[in-house]
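Shared between the two complexes below is chain A, which pairs with chain B and chain C, respectively.
== the complex of A and B ==
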């Protein structure tokens, strides 16, 4: 039996919105620690890992491990019926055929309830090793979104170059090239605009911008974004959620020219 | 292993996946394996650049070259897939004339340095000025690959739909002719294949005799139509009437399929879908595999694969032997199908790498270039399955889960294996280890949320009510719908009511009034008699009114019902000679009868093309819809 209640539907709505273009069907793995999701996109280039920890819910109850196979397009349709400030409750039986969603309005006594049919999804699970990244950049998510949308106009791919001087995003395309340089700085007035860089060694990797732009749909979830890079390891783009819950995107870098 | 080149007009690159045997796997790799081909030339891929997907470009072990239309979207289009385990072209071009540019370049193929171009481009004066060269190559009709052995031209020649395109078609055919002859003049061997949209001779089409009779043509005239004349002049053994055209004095190509089956009738590669002509093999041969004399002896087989469904065309192939005679010596074919040095005596000397990709390869399009799978960068772990209780209906949980241990990629070596292993272990063991906490947590949660069940009960109650409300609404709706569908039934009760009315009046109003008072009296108590009396009067008055109205409006309810049923009822379709329902079609051919609908036998066209008597194919039944009164 799963019963998980979120004070505001907004966050869940945004999470699903951010990943629905990357992944069509996926399992929500529910256990007593929370609700987790891991899925690759069709071309196996990107991976989404979401964890909504039990403490993000009030209350949270999950007696057994339950895998909820959900079509995200369908879930989006149902979630469209929820107001952002509605109380959202997810419920499912132990071997469920449906996921039950209840939206309770705070303003009045309106309660809407939906049953979403579940699917059997055969999904590959990848073990994501804990990695010490060579470079970690923490910056404003809005700024990161702007960089990706600006550069996709120039090229299909972006090279992210982190050195002790700062982080450089550069793109070469048919019509020309462009780059954005950010230096490490601390914005005292507006801390969300700070750029923090932790670096053990300089890294330069190339990524498909299409995916990065896609990841940035999650920028509504968090004002800050953490970008972690290491050679020969997928890029990690992490958006913090309420509490210590997170939404992480991994992206395989493009194979280098030297190979 | 023989080496096979297959050409297939697929009529939409994904179209075959709707048919057996392609339907099961729906991957291009398995399709090519079924075709047993090493090079697959597809025409009419009908796809836009933006719709190219991973599964059609990143086919494991295969490289692909596309030519897609520049303006008309989702039309035409040629693709050549090559299996890089056995072949790897040394040059690749798009277009027949060489006016297009390689990707990310503004230098035309024909302007490239001599060692980078395939050559044989039409020289000034060789083509008429009727159609611009850039226009000829703007429709995605040609991909040319060069191997050390020969130049492979995959082409989709324009069809003869109507006269507006006749000029374009002729210009395109001329361009093919010029390019092939120029390449041969350079000393290169050519393998030309694809959908030429030309019937070579009367042996290559069904119903040729009837067609000639209808059009009032002689065989000579038939074979002298420009397209046919081109093909017969360029192939060895072609029938050319009169003087050969200048520049086309010599035949150049062998019609391989015909060479291996010189007298076979009914060897057709395309059948009209609209006429359902394939079952009766009423088709034409318009897809060809042609080659020059220097490599003709290399081919050991060529045939059509009329049994393979998936398009209105069938695949056509030509197969080469393992060893071929080249410059007077016996050479292993693979040595000639790959860049120099990759194979020696049929043994691979050097692995194929992404560096061997040519600039025109679709794999180098930015969106597919340098792609790496994230799967290779993480370990695979068993999926977190729900509690392995037997009552779970999921079939997958019942199956023994086998997981191949995957060796860690070398780049993760700084991370000791043990940590990842322990991580996966801990990941696996979380359900078990958290048992105790799980046991306690539900209590906690249930105690802290004592309200919760009640609330949910209320919710479910409401839901039930809602459910009922919707149910009743639905039922009322469906009731209305039912009323709608039984419009015919609407007349029945009315007619019956009218009859009873008639009976009532015949028997006199007294009986009716008494029954009515009997019904009313219990409710209305003491004053019933008075009220009843007035009631009777008014009701009988109403009765007579409706009666008279009904008599005025519906003179004959049965006739009305019948007239309705002729409008609403399903039309009775005439039967053909097979005793089966005919199909209804509309005349599309311009003329006096255009737009008229008619009935004809629904069976596929027979091998003779026309209407056949006493066979399993289409019979002679033909009835104009306007002549059909709906009664057999």
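== the complex of A and C ==
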């Protein structure tokens, strides 16, 4: 059986909030290392991978592999009943029909308990290899969100051009064009605003802005976002969670759609 | 049972006028003491004027129902059947007959009499060929036989038949009628007879035609007018709908007694014929007629004002009359097996196409009317269960679909509209585990 306790419900709520706009139903795969999630959007051009490691929970107990098929919209509805600072406990039997969620208020002795009906979801699971990316940009998640929302006003796709000089986000649309240049710099006063670029070779790729905007719903989870690019592989947008847990989004680049 | 000598001397005075009918038992009631009720209470008969004093009431096998029945046989004028006329409703009221001499001058008490039973027995002319039909129409191979051999085949429980056949004129009459429907061969000095169904059919058709010329009003109403009446599709608002009243099926009031002698017989046996032979066409049309009568909201008087959607032509009317008459004769006088055979042969003699076409259109109109009424009033579904099941499944599927859609977030819906041309699938980059 599964029993996982999170000190604060806020992070889990935000994770689910970010994913629910990309996928509808998905399996939470629970084993002794933690709770993992991998799902693609309906068009199968984007993928979300989440891992909540066992050490993020206090305590975490999972005897065997359990797949929890959840409708994320329904889960969101249940999680709305939880305050951000509530203690959240996930519980499930070995062959569960329901996922049991308990929200404990720290301020008083209020305990709310919900059972969410589970479903059988037939999902293909992809193996994602560790990749050496040609360029990795680490920057403020708020800044990345701002760039995507600004540029979507111009076009539905953005070209991310990473070179020695910095990273350039540019969009060309019917009404005109626009671009944002960021140079590598280290903000000593506010380290979250720093822009770090690791580059082995220059990369320029085009992506759907709507998907990037969608990924940025996770910006509330982390102040920093890591953007990794390589030719011929999907873009990786990673938001770090507490500990070494992570939330990763993959997006296929647009090829041959420049004109 | 001894021979009933019910019609003594005064029979000749009998006429259609009721007041001069003949009592068939002597008046034996006292004014002051009530004698015990006689075991065979007196009954009232109306006998034809033409019947001679030699006429006798005898018991013969009814050819249709294979039961003994009473017939009046007169050596000079032939056979008569008795038709019982019962009192019309309300029958709960006690009724009886008071019979007095025709001249009112004589004292009332002296020769008048009362009869407890309100029933009236009417003697009507009867074709003896019906009587001998069961013997002629044997199911096995029909052979040329002498009249005696044929008549011996008839059930003769009280030997009345053989007794009356000793009378030369009666015997001649029976043989004459037999000749009408039989093939004959002469063997020596004797004539041999064998039933010819074609001859029988044409004989019955001619009877039916005669009857159709002047169909009794009750039959005309029920089997011709009602059966051919088109449903009223729309009722004008000015006409207040009246409850439907089916015409009385047993018109035993005085007016019908004045009708053709066939009338009474037709009326009394029309109900029984439809009950005993449900397969006949007449009863089918009768069923249709009664079903429409039940759903009809306008009485017949209204229908004359409201324009009906379909009006039968005079040809259709006469064809229907002929068919009703034919069915009536078949179902009341002929043995069931024979009537079924003749019914199938009828269309070869008379062309009913026009009537059938009319009835087909009528049937359609009635169905439409019934359907529209059913929709109007009940609103009940007439679909079969299979369809219900299918709909139920469909509904469930739709519900599931709806639930699924309701559980899709706005972000997912927006992404569904995104142009993904030029973007490879994730499975192109990452291998399946």
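What we mean here is this: the second predicted complex is superposed on the first by the 255 of 259 C-alpha atoms of A that agree within 3 Å, B and C clash if a C-alpha of one lies under 4 Å from a C-alpha of the other, contacts with A are read in each partner's own complex, and residues count from 1 in each chain.
The definition used in the following text is that a contact is a pair of C-beta atoms (placed from the backbone, for glycine too) under 8 Å apart; a residue touches a chain by one contact, two chains touch by 3 or more.
Just so it is clear, the model here is predicted, and its values are computed rather than measured.
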item: Chain A as common anchor, with chain B and chain C clashing or fitting; value: clash
item: Chain B versus chain C as contact partner of A:233, first or second or both or neither; value: both
item: Most chain A residues touched (candidates chain B, chain C); value: B
item: First (chain B), second (chain C), both or neither touched by A:129; value: both
item: Touching partner for A:225 - first (chain B), second (chain C), both, neither; value: neither
item: Touching partner for A:199 - first (chain B), second (chain C), both, neither; value: neither
item: Partner chain in contact with A:67 - chain B first, chain C second, else both or neither; value: first
item: Touched partner set for A:24, first chain B, second chain C, both or neither; value: second
item: Touching partner for A:75 - first (chain B), second (chain C), both, neither; value: neither
item: Touched partner set for A:217, first chain B, second chain C, both or neither; value: second
item: Touching partner for A:44 - first (chain B), second (chain C), both, neither; value: both
item: Doubly contacted chain A residues - partners chain C and chain B; value: 40, 42-47, 124-129, 156, 208, 210, 233-234, 250, 252-256
item: In the complex, chain C residues that touch chain A; value: 407-412, 414-416, 418-433
item: Parts of chain A lying in touch with chain B, wherever the complex brings them together; value: 3, 27, 29, 31-33, 36, 40, 42-47, 59-61, 63-67, 91, 94-95, 102, 111, 113, 120, 122-131, 155-157, 174, 206, 208, 210, 231-234, 250-256, 259
item: Partner chain A, residues of chain B touching it in the complex; value: 54, 58, 104, 354, 366-367, 369-387, 389, 391-396, 411-412, 415, 419-420, 423-424, 427, 430-431, 434, 437-438, 441-442, 445-446, 448-449, 452, 456, 459, 462-463
item: Residues of chain A defined as touching chain C within the complex; value: 20-24, 40-47, 71-74, 76, 124-129, 156, 208, 210-211, 214, 217, 233-234, 250, 252-257
